[in-house]
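The structure appears right after this line, and notes come after that.
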């Protein structure tokens, strides 16, 4: 019997099987989406995140004053009809800066989770495939992980200097090991499955197996992980900026407003409360949504 | 006849679900006498396990389950006593052996601990004494070198051994009634037989009542004196074991018996199966619950619910067709 | 422009403050030399200390005083470090110098009983006080002074430049002298008040350096001895029982004037806590955890003032300078660009953005506390806020949208100054980029001629104008200009103070024309303390040699 | 077991090597140098240049690395570039406050999270559960520095119950010590309490649905023992994982909280050391943290085998 025929047979059988599986999956998915929508907390999370995204997109319309405009004479003024959230220490409008800060936070969170998600997945999947690579990557990941994310981020920021780009690079680097681990372990599980073994047996190309058959199966846990990376990046960015090692002075970000508020905690509560609330609520929303997505994509953990 | 240990009177259990109350068992009545083994048979999902767990009130009564009817344990209705008092009944007067010993034994405690715990909950004995008793129990259920076994964890034992341990735990306080919920399902055939023998032997030795829940009619034939056949939360037939096999009255019972593979007879003949599957609890039909799958069903079966009617001193059946015809002529 | 009810008492109060037993002699006239061009004045408030020395009941004084400071030194070898906290904590308290400054920033004797300068201002002779004891029990002798002073000269390049090859030498056990290569009129001023104070320790301590060349032990002659430094936590001083106090020249009263005079050391133990967070220092003061806190900014000082039982003192602390890159790599090499920036800079906004109310304007490069050197030379260029003129300058310079790079450290909100300046420059059509980095990065980056056109920094109060670093060709910003060098040399070669002052006026005038940097204004700092604390000495810091809390 | 531990400890070496290379490169890639930290902000340019030369900061980086790592393997972490104190003694001085803070935070969060998590699992879907879930969500959503600032405003400034900042060592008395650490520990521990709460709830739920719990119930085991002993011991494995991760997180997350509360621990030391470019100290801290991290992972793994006999260390 020639291999080709064998392969065709195999693929045919497999496609039949997979069409059944797909149907089942679709049904399952529908059930889970219903469950997701029934779960009030997930919906609240979704609403918060959607509002955040809207705020970020519509920032120029929602904001009342150009966030970079300063009026030093009116510095540190409490909330008023002109400045809804008061002014900061060089007289910029805190409300507008908080609104624009949503953009920065979302951008940082999104970029970090995307970059670390993609790179982490590539590393994780390759590691699952090649023992030598695995050893190298995993030792490096172990090393990075054992430095702990906060310290590593602080050190990286010291090297790179304050800028949004560098915050994203640092946080992505910090989060890659986590995602790589998740991708690697679920790739391992998929790899052990019979059909992958069978594909090896009939001589399918490794890269094809990796990217067409293994990678998609690691997607769900990676996406779940990414939502949490999203949330934690927003916190870490705020913490870095709070320590003065995050985004540079001119950029309106929640963390940098908090950093200013830190030295005015007695006389300018509005510099802490508003960005603080925005940070906490968005992270809350993302976490709620993350929980929902996890239940949606990864029923095993439920 | 000897004294009744337990008597179920019109027992129903409903579960609170998102779709409202769902009745899992409906008007179940039977009794078990001292020294007797009662078999409860039926396909999965027919309410056997719900019945047994209801007897022990294992469901969460605040949030999940609602019980109706009576469960008389030596004349006392244990559905009415305070929930806390159940702790004294469980394990001491009624105990239970579960299907899968691997998952039913706590993996993080030693075998000895789990037996001792059962003893010390109900009896005031020292730890040392309890340990001695545990070792005795293990040898009672036929485990070799029990002194060594008490120190072992469930995962270190074989499947049969684990099942014996579970029986040892159940019998630790010499209960009046043992409920064995499919005790052999997960085991090899040879081990199955050993475990069943053990249960029969202990039943005689300790003079207790046993409710044997199973879907395996073969096991029933060998061990039970009386049989209750359940379908979709109801008893459809109750009879002595001989009558069930020789003279089944309900079409469902008949179907079950016919689907037992036999050594004699035509091997090439396809094995009988009852068509269809047990419907979900939420889709219980209005008439006879078996009607949809019954080869003999008539108009009336689809609209009206038959009662469980005694047809002889020892036999009861729930079927219009049988009652009408004075007996269905089963081909 | 701001008009505030000026309570412009810094100079006056400086003198008044320190004089124990005297009521503030507010009648003293305005600074004798030069008028400040201050257009707006911070409401500084340095309280005068009116406690009668005799009235202090020593038996009923709290044993420990807790002080919160915002900085921690890498070490406290003040010969070598310029860290503000090192000199504020140790100077006059643990260490003493041959000479020090009185309330009028005049040089007066401390460890010496008198000193003489030769006519040509090259030779200085110091007669030591006898019987002064170090904390290790040994007596102060010429050998100790020679070792200490020469160590200081080696460590302090400005002094080294001034004295040339001259070094201190022993004349007898109680006399030392130094012969400088050329006129070194300001040597004693430096010894008395430089950022690297010329403190005196024992000869053996001077020689007992660690591998990096820092003192291993801090042994001085001051009223308090150093006990312990727990890094990251606190520094403890304890009263030195064998301290030998001295009287101000010409008095026998137990009083002080500025940093000089009779120190009592009423409190047994001084504990300086390292508390980097401003808010935490304030909260600690409010809860009584600390008796005195340093580095209070203008907003927090309002909070402290508003709290019952708490007081605030404040004073000028230094100048903010916008230093231009005058190398070929920068567009600021063009003097017209520099003038354009200067013309549009709004000093009020620049200063306020970083210091709130704790600033005042003034074209003088020197601070009010050094009254002798004040001058309004060049004030016509200061804070003119003329956009049209700025645009003219830009046109002359042929400016064509080149990026103007501002470098600022994140320290003390200097980044705010950069942002405000950016906005102002953009208003006249300049393209501006701001880079804000931490202090360590800043000090390295500014050495690179290509990364900035202007950077923002501060200069703490110095006793002599020549200590202003930005006149040097080596200092980042690279002032390479013949006229400037000539005028600086004229200052350095002066042999009398009057001559030096003339030279300084000319130098400052030329500075405003040449603009090596823009002097944006003077910043202030505050101190918060509990009402219960008496006897604090203010003036270029707060000092605790007479401080006490009655029980 | 012994063999396993030795094997695991040996496995630490490559990790620490990776860590050392990473941190050494990071530290030396950082712009700026310690000269200014040593000389102060008003130092003259000449003095700075002279010091830089004297400190040998101009050696090639690989040479510096090899020198350092060889010393480290001899147990010598070097001397602080800035204060010249031995790094080991600097770390020792800052280690206790951080350990105490982290331990206190862990104790608080364990005492809060475990019972609450168990109760929430027991009352799944009911009001109690929802309240606990919301608290847990807030916990993982409120950054510790924000919580710290809030607690400080409320309990130190307004009610004056706790000191605002600073650290009182054990030697200052147990009460003072605990008082000085209470607020920072809460600020730091809240997030980990939340994580543990979620994990406890989730794994308790999983366990409570298992057959052996039903079996124990059928045996007559009382409610308390059922949850507290039978279920808990089983849930403990996954809870232990979170506890281990939380301890590590608390150690490194302390950086921000320590800065807010002025606690002289490793966290504030690393923040200030970065500001001063105190290379050796930064390297020392990171190595120490990495070592603790690996060590805690080892302890957790060994603890697993005590909790769950099915997990064998090998």
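As written, the chain order gives the labels A, B, C and D, with residue 1 at the start of each chain.
Quick note on the criterion: a residue touches a chain if its C-beta (ideal position, glycine included) is under 8 Å from a C-beta of that chain, and two chains touch if they have at least 3 such contacts.
Since we're looking at a predicted model, the values are computed, not measured.
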Innermost chain, taking as reference the mean of every protein Cα atom displayed
D
Which of the two pairs, C-D or A-C, is linked by more C-beta contacts?
C-D
Per the centroid of Cα atoms for each chain, what is the distance between chain C and chain D, given in Å?
41
Let me have the rounded angstrom distance from the C-alpha centre of chain A over to the C-alpha centre of chain B, please.
52
Go ahead and note the Å separation of the Cα centroids belonging to chain B and chain C.
92
Expressed in whole Å, how far the mean CA point of chain A lies from that of chain C is 49
Where chain C touches two or more other chains, by residue
277, 279, 283, 437-438, 441
Could you list which residues of chain D touch at least two other chains?
30-31, 149, 157, 259, 274
Residues of chain B whose C-beta touches two or more other chains
none
Chain-to-chain touches, reported pairwise for every pair that qualifies
A-C, A-D, B-D, C-D
In the complex, the residues of chain D that touch chain C are 30-48, 50, 54-55, 79, 82-85, 90, 93-94, 149, 152, 156-157, 160, 163-167, 259-262, 264, 268-269, 272, 274-277
In the complex formed with chain C, which residues of chain A make contact?
68, 70, 72-73, 75-76, 89-90, 158, 161-162, 244-245, 248-250, 262-268
In the complex, go through chain B and note every residue touching chain D.
53, 56, 58, 63, 87-92, 95-96, 98-100, 103-109, 117-118, 121-122, 153, 155-156, 166, 169-170
Considering the complex alone, what residue numbers of chain A touch chain D?
41, 139-140, 142-151, 154-156, 158-159, 161, 231, 235, 238-239, 242-243, 258, 262, 265-266, 272, 276, 279-281, 283-284, 287-288, 301
In the complex of these two chains, what residues of chain D are touching chain B?
125-126, 210-212, 214-222, 230, 233-234, 307-310
